[in-house]
């Protein structure tokens, strides 16, 4: 059994790791940390876990965590980059769900996050954990930087087109929308139900922190620099991301449906829908799955891709476990066969 | 492997049976019927099932269904009572999620449902499937009438008090609230999102069809006639039932917390919360579980019980599978270990 | 024109006062305070007000406020009781939407609010502002304590029965539910959309701060002590309160429908629905109106009353303006004719 | 007083006309039709109207309607085009909220709506009622075709850019999202709360009926043909439209903020937000207002416009009344000063 530690267990990606790992046959959570809830039983804070975990939150402590085979950081940015080096030195593997190791360039990181990177020397060995792009790299890693929730859906959506060199990579457009859980379990007026329910808005239009990650990742996929206009929106709902992607086709006559179906034919967690059917966030609710559709409206020269995922699963904790499975040589789907909860 | 047939597969309890049975090790769905969607793949209608079922809807046909070991009726009332006798004669077991076999008295049934009962002679062998009350009866049954969604939560909530003879059974009060999926997947203006979202209302106050079922079931539990005032409400949400129950205590000094904890100590699917913690529908979302709290406000003589469940799981399809497990001598929890999806 | 000051303008009752007063012909908001948002334009924080107010938040300052004819406190408790005496001394009228002056007995107040009352000597002149019960007292007041949101609906629902002496006042039951805006515009994890959306729960069952207010107010109505079991619930929605009330009838044969219709025949803001029609919170969304239905299920001896209101309007800011109209001898309905926003 | 008739009063645009006209000083609703609800009081179906209307639905009858000064069609398409000619002949003015008269070319109409146009000869005198574009034409009209909900927001969002010739009009992109009330008050499984709540999806990507209207309208604005990729989405909420618009700037250095502010400086119902502030659908809930923001992310060459409106007000009934005011020479804002309901 893989001994698992989780840093930052009181957030949404933390409780989601617990939910998913409860049915994972080869992993067991042995430590879960929280400064604020130190000593409180996890099933007292999250009663959905009652009967599944006999565990309490503890203070984040390098010694305890070092005894784990793998440590997940389910924290806001600025935590993993302080603790990871020591854990790696102690022989742990680290899977970071936060933004700390997503950008290769620490100056770019500083520019977007407004503070110096705390362990720039560790950045070099961080592997970006988008398995559908680079699972072979992940398999050899000690430190995995899980992609952001938006970047997962957007990269999976653009990947077949960019790999095939079919679109103008200089003017990619992503109009994406996330449920509120993407903003984390933090006390903010902006995310109170009366502020965001029954409403919709764009945010971060002038520059969202996922933009540099997107341009880096899509550039890696394309093998050349790309430029994107990225407009995120806030959805009045709990879970789910939907990305609507636009690009100019260089060869409008391409059968994009076949392209996508072939590209993802062997991927267990990417599901290209039949022509004419569009994804809904609800059909992947709670599942580690990205569902995708592609369309060329009116047969013109603009291709539209729609990609959905559960931001807490394929967009975060599920993908993190997928990376863990790869790291430890387990079947990639182990513990990740939950079906979407519909309705 | 138990061969399973499902009649009425396009409704919410139908798709929920499919979701849950996909991870059941001893059962396989071999037939699922729908007149309206005959020939359509189930995963085309319900894309959360893609990759889990290679099955299409078929016309309801006694011959096909007869080849099953067990047939679930996930239909509105008035279907099971027409088909069950023939299936039973063919050796099938029948688990009815509808109201057709819930009332022992066919005249009372007719009075509340506004038409004659189609197979009153079969009523005698129907067993009411509330395992926490009568699992030994269920184990011997061929025909199980699964309780309604409200009656499940309300009976589980009142059971310890009634069994202990602690409350005035002549004036029970249930103020309960259900999510909209309880109204079924049927085209009705009343259940459109703009009609029920961001709103709350009572309905059926003068007499809801679950009232006779409740008074019959609670009477069986109490061993004497009971009378209840039952006010159901419609919640602006997808899944979940919450029942708030009130009764006059005959012995106000009783330790009701201990009473409930002891009563349900060995029940896998009924979870009495620690004193002071109240249930939320979201902590049982997608789980076959009823979470209960009990309180005597201000130490007076009125006891308040709060009971929550997912109306589609413990209130319907999960409980139906729990009954199937009992019928076939399997562990009662088989295939029913999904954790609640929180948030 | 009445010069209006508002203390605590960044909360939900504050912005609702602004919305409603924007179309009031005889009142003008001249000062609105907020320590945190001092200097910020109100229409920057609340863009629905753009074009209607040329006003910025200022620090709460007795001098400025003293120049107003009336000052509304749209604050949490513990603010009005510190500032009201000075404003009253300066000749202002004070309308307090918070809990500070609702209980006549300052010791009882301290017991429920966990601190001493700051101006117990002022309590004696506070008038409880439920116009349908005591508008003549309000007309003569200098200091009005507006009822809580739950107490407004619950008292209006029970009033006809208590005045007629028709129910057992020793065992009143109120199962009520409020939208999340009732919890205020404050940064709390518990009220984030992912915590409360698509879910339902009871809270404060062992004792909610509205209980002593309810027992005091209902006792005044009944002319004798009453006892209530009060269970509030949290609804996954923005606005609205629904109270479901239960009581034992002493004379079950009474025509309660006629009783309610007669009782409220001349009330502009209480609307008794025709027999058989039940209220929904959405039909009073944004309107200063309480809609009520009454039913005696199965013709037994328990009466059920359903009462709805918008917690921010008839449950707070609308009623406060109604009180202002009475205080200043204006028509009670002035500025309060907004229709409910349906859907 | 203008005598108003409404055809199709049971839908969402019908009840919204009634809500808004209740506070219109110069208009009075004298007839409202519905085949299905003939004889039922409007306030029985829509209890938010209790006390404001003493009116019942009647059968649509040319004679009664002909006695009106103006008749609104709040119907699905295919009704107005059959009745309008006769009403016009009788001297009525007609304001059509449906799609029947929006396309000038009846063959194009047939192609998108799948049936012949019933009164192609009347199309020539229909005026497209987007007042901010052509209020002078509207003032002279007898028959006004109100824009669709999406086209209103999208045209207002693109108008300043197209008028200034600043964008590549051959590759406009609109990623827009509508609340469910946009789909009408019709019994459809697809719009049940459990189908659309807590979820998000695109629809009509291959071709939505608003596309030809958009290309016609935007072409009129630009004075040359335009091409648009239009992706509508369904939001899990009651009211509101948000359009996110993308276009390639021909002169990236333009001060688009100033352009928009100047363009709409004198428009009462179009509100350009200050730089850096983005619109939310909730701030225009219930108000006849379009709020707009514009941004050029990262200073590159793609401009992003965000435009919000309440789909039932500025996107339908409010704009229809605005057109009525223009038709009858009244102040354009009469009866349309409702503030947005926030929260």
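Note that the chains are named A, B, C and D in the order they appear, and that numbering of residues resets to 1 at the start of each chain.
In this text, a contact is a pair of C-beta atoms (placed from the backbone, for glycine too) under 8 Å apart; a residue touches a chain by one contact, two chains touch by 3 or more.
Note that the structure is a prediction, hence the values are computed from the model and not measured.
Any chain bridging chain C and chain D, meaning touching each of them, is among A, B; the list is complete. Taking the definition of touch as given, a chain qualifies here only if it contacts chain A and chain C alike; those chains are B, D.
Of the two chain pairs shown, B-D and A-B, the one joined by more C-beta contacts is A-B.
The mean-CA centres of chain A and chain D are about 38 angstrom from one another, to the nearest whole unit.
Between chain B and chain D the centroid-to-centroid distance comes to 45 Å (mean Cα coordinates, whole Å).
Chain A and chain B, compared by their mean Cα positions, are separated by 36 Å. The multi-chain contact residues of chain A, meaning those touching 2 or more other chains, are 12, 179, 181, 185, 194-195, 197-198, 236-239, 279-280, 282, 285, 343. Interface residues of chain C, counted against chain A in their complex, comprise 12, 179-181, 185-189, 191-198, 236-239. Residues 12, 15, 19, 22-23, 44, 46-52, 181, 185, 197-198, 238-239, 271, 273-274, 277, 279-280, 282-287, 291, 312, 337-343 of chain A are the ones that touch chain B when the two sit in their complex. Residues 171, 173, 175, 177, 179, 194-195, 197-203, 205-207, 211, 227, 229-231, 233, 235-240, 242, 244, 246, 248, 276, 278-282, 285, 293, 295, 297-298, 300, 302, 304, 306, 308, 343 of chain B touch chain C in their complex.
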